[in-house]
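Below, chain A partners chain B and then partners chain C, in two separate complexes.
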Partner chain A sequence: MGRNRLRLVIGLTAPAIILIALPFILTRYYVDLTIVFFAHLILAVSFRLITTTGDFSLAHVPLMGMGAYASALMSKYFGWPFWLTLPFAGLASTLVGLIMLYPLLRMKAFAFFIGSYAIGEALRLSWIRIGIFGGHRGISGIPHPSIAIPGLSTISFAGVLPYYFLALVITVLCLVIMFRIDRSRITNIFKAIHSEESLVRSVGINVTSYRILAFEVGTFFAGISGVLLAHHFGHIDPHQFDLTTGLYLLIWVVVGGYTTFAGPIIGVTFFTILGELMRPLGAWMPLVYGLILIIGLLFLPEGLESVPRRISPLLKKMRVRGTSA
Partner chain B sequence: MTFQLIVQTIINGIQLSSFYALLAIGLSLVFGVAGIANLAHGEFYMLGAYVVWLFYGLRGVNYVAAVLLAMLLVGGFGIVIERGIFKPLRGNVLGVAIISVGLLFILQVLVGQIWGLGYPKRVDDPIMGALNIHGVTIGWQRVIVISAAVFLLGMLWAFLQRTKLGRAIRASAEDSEAASLQGISINRSATLAMGIGSALTGAAGALMSPVSAVHPYMGHMALLIALIVVIVGGVGNLKGTVLTAILFGFLYTVITTFLDAVIANIASVLFMVILLAIKPGGLAEHGT
Partner chain C sequence: MNKLEIRGLRKQFGGLVAVNDIDLELEEGEIRGLIGPNGSGKTTLFNLISGFLRPTKGKVIWRGKDITGNPAHSIVKEGIVRTFQLTTLLKDMTALQNVVIGCHLHIEMGLFEQVFGTARRREKEKAVIERAVGLLKTMGIEDVKDEPAGALPHGYQRLLNIAIALASEPKLLLLDEPTTGMNPVETQELMDRIKMLRDESGITIILVEHDMKAVMGTCEKITVLDFGKKIAEGSPEEVSKNEKVIEAYLGR
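On to the complex of A and B.
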């Protein structure tokens, strides 16, 4: 017990120190990249939260966009402060998600996958068409977040360093909440809906309401992720949230693995690093993504998260051989 | 004037419907027989258009020969893909769909890098000019698209109804277990369906290449249309697919004529959502 606790403390403090030190070590470019990485972490983990019920939603990226647009509009046109736009943008995504769910809940598995793509695409197309969303050009000049403390002063997150720490705090908070959800009884029900739906029904659990719950919680965090991106870039347009982004998200989570909480985190980390290493490839990048996805699905169907599980018996065997020799 | 507009809209509707049907039928067939949800379907369509551009547009090969070549090449490619990467995952619909996403990215990049991004490729009409009947103009290419689509769909129908192989494919789609008990090879049916479906998709791209912009990302919109038509028609239901293609072809044409294309896309999706909310199993419940 004591040893486990020590491990936990070290396991948490080491990354914490690294994450706090990072922006002081890295160049501006990499700090920007890490902020985007944080937003993608929230996006992927929340996507995976919905998949625990068996619903793979391609509307997740458009719903992230909904959060981004909501926050951009609220802060630019209404002048709302960041601490208000953040939750309200999440709620805006949730609300739009709820409307989408009305037809989507009638679909299962693959039909849900396709249906969610079509409905997400309709949402995205409406941004092009409806004037306030700025059409193809989107919205630029999204203000930097600042938090006013009444009577004292205003903390501005205009610089890249303060924004990094703001994003870090929000990301850690979101991940901790989703981790708690993942370890709670609710997730067991989500997973049971995925694997044994009729059994779940037979013990009197309302499957539909749990599917709504999973989708809505995931969508809220997608919205938060969108807010982080919108205020970071200062500009958003409908093309950032198109099918390509949705498919990338799918690749991160599927290649990383979606059976455990760590899977999408591994996936996003892996592909972010890979993307940087292969930046010289330029336009050939999606091809490498595609190859990795195909190879991964054919040879590692449970994702990268299953690598240690697969390797450990081998290591054990080698260790046994080592001691006996 | 109004009369001409109505006739024009109807003809445009027929043309779009026949294109939709030809585009979607391959996806529906493959899904019904082999459970393959090929999200790279739009890229197969794109390949068909590129084959025509390469041989007819650049080399001056006869247009009909180029279309046949497109069907042959895309169909063959479909068979290779089915054997190579879809077969190991058969039975896992979502897995196949996701692996086809990898294929989608690879094809887009390869085509874009080999033949360039930039401006869309132009393919000239094989027969210039337009048919003019009482002030209603119909481009010759549209006449070709309509007649070719009707011909190809008729051929498919005859093949599925009248030949032994076709019946085997239908049997595999209806009940694969019972079919295999009758000595029908599911593997063969799946490969054959994928070959035929891909060939028809390639034909759709080949026929549309003179009237649409040929570029590496033309598959996106084609995929959305094909998915809507297949899902509403009832997955794997060919009759339903054709009926839905006609329905959405006219819906899209009318809205594009009187409003604009983006609204037409949104309306198509919303219409699909409403239909699915009322009839979750698709428009037609039974029959292949």
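On to the complex of A and C.
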């Protein structure tokens, strides 16, 4: 018990210290990269939350875009402060997601996958067609967030360093909430819907409403992730949220693993570091991504998250051999 | 008073009439046997009563209320719970977790409380687990509560399925071949348990079963289906002497 708690404290403080020290050590380029990494973490973990019910949604990236657009429009044209646009952009994604669900709930498995692509793409194309979203060029000059404290001055998050810490706090908050959901009974019901839907129906659980719940909670966080990106880049356009990003998201989650909460986190971390190491490869990078996906599917069907589980018996064997020799 | 009343119930799959204008009436606290050769429409009838399928025609009336075509989850709320012919379990979860999922309707916990609540949640959680353990005890399988359901022997899995169904506190329990894969001793034990359940909590049970000895020994009244039609109904003695029944089972 005591040892477990110690482990937990170390397991939480070590990354905390690293994440707080990081922006002071890294160059500007890498701090920018880390902010994007945070947004991708929220995106991948919320995507995985929806997959627990068996629904793989290719509309997830367009719905992240919905959050980005909503926050950009609200702050640029209405002059709303960041702390208002953040939740409202999440809600905007949720609302659009609810409309998408009307046809999508009638679909399952592969049909859902393809259907979600079609409807997500429809959303994305509407940004090109509808004037207020700025067409192909998107929206530029999205203001930097600032938070006014009544009676005191306004804190501006214009600099990369303040924005880093704002993104860090939001990301940690999002991940903690999603972790709590993952540990609650609700996730057991989500998983049960995936594996034995008829049993779930037979004990009085409304399968449809739980699918809506998973999709909507995941979509809210996708929207939040979009807000982080929009105010970081100061510019968004429809091409940021196209299928390419959706496929990368799939690769992160599939290679990282989606049976546990840690899987997508491992996946995003792995590919962010890998992407940096392989930057000299340039246009060849998608090829390497594809190769890793295939290798992952062949040798680690349960994802990178299963590596410790797979290695520990091997290590034990080696240790036994070591002592007997 | 009749608790369950089925009037002219029909289910058609394209040209195939799986359930053909069936009438059925059940008394409160009755254990009714439902027998018939394979493909005679027993499981389809269960699917229609429990809302897993919508009937083409006809009515299902439960305690004076028309529940025809209602969605499955709302029919469970009315107190009608079914089990499945094939063992249907969450194989990766423990036996206890399976029953806890079954307690769903009786856990009063909002989303917010489940995600953020602490003290009160833990208390409720404890109560649910106690209830689930109690149900495992009722079925005599509390010793395997922490085993993954998928690793249990077949007979235990069948009993676990009934424990899950009981977790929704049914007033009418539809058991679809609960003894499949059980040896005669286990079958007898299960039949005794079913009778005990009825005697103690007064629930009404419909039992689909292939083991004739078990059905005859447990049910007061038996309904026989063949090709989707009701061909006989009555006490075990009456039914076993019925010409049509003998013909359906033995062929001409």
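What we mean here is this: the second predicted complex is superposed on the first by the 325 of 325 C-alpha atoms of A that agree within 3 Å, B and C clash if a C-alpha of one lies under 4 Å from a C-alpha of the other, contacts with A are read in each partner's own complex, and residues count from 1 in each chain.
Keep in mind that, in the parts below, a residue touches a chain if its C-beta (ideal position, glycine included) is under 8 Å from a C-beta of that chain, and two chains touch if they have at least 3 such contacts.
Just so it is clear, the structure is predicted and the values come from calculations on it, not from any experiment.
In the superposed pair of complexes, A:Y77 makes contact with neither chain B nor chain C.
By the touch criterion defined above, A:V203 lies against chain C but remains apart from chain B after alignment on the C-alpha atoms of chain A.
Judged by the touch definition given at the top, the superposed model places A:F165 against neither chain B nor chain C.
When the two structures are aligned on the shared chain, A:I119 is found in touch with chain B, with no touch to chain C. Shared-chain residue A:V254: touches chain B; no touch with chain C.
Once the two complexes are laid over each other on the shared chain, residue contacts for A:L243 go to chain B alone; chain C is not touched. Taking chain A as the reference chain, the count of touched residues is higher for B when chain B and chain C are set side by side. Touch criterion met: A:P301 reaches chain B, while chain C stays clear of it. Of the two partner chains placed by superposition, only chain C is touched by A:I189; chain B is not. Within chain A, no residue touches chain B in one complex and chain C in the other. By the touch criterion stated above, chain A contacts chain B in their complex at residues 56, 102-103, 106-107, 109-111, 113-115, 117-119, 121-122, 125-126, 128-129, 243, 247, 250-251, 254, 283-287, 289-294, 297-298, 301.
Across the complex, chain B meets chain A through its residues 37, 85, 88-89, 93-95, 97-99, 101-106, 108-110, 112-113, 117, 220, 224, 227-228, 231, 235, 262-263, 265-266, 269-270, 272-274, 276-277, 280.
By the touch rule above, chain C contacts chain A in their complex via residues 50, 52, 71-74, 76-77, 81-84, 88-93, 97, 100-102, 104-105, 107, 109, 111, 114-116, 164-165, 167-168.
Every residue of chain A that touches chain C in the complex is listed here, in rising order: 177, 180-181, 184-186, 188-189, 191-192, 195-196, 198-207, 213.
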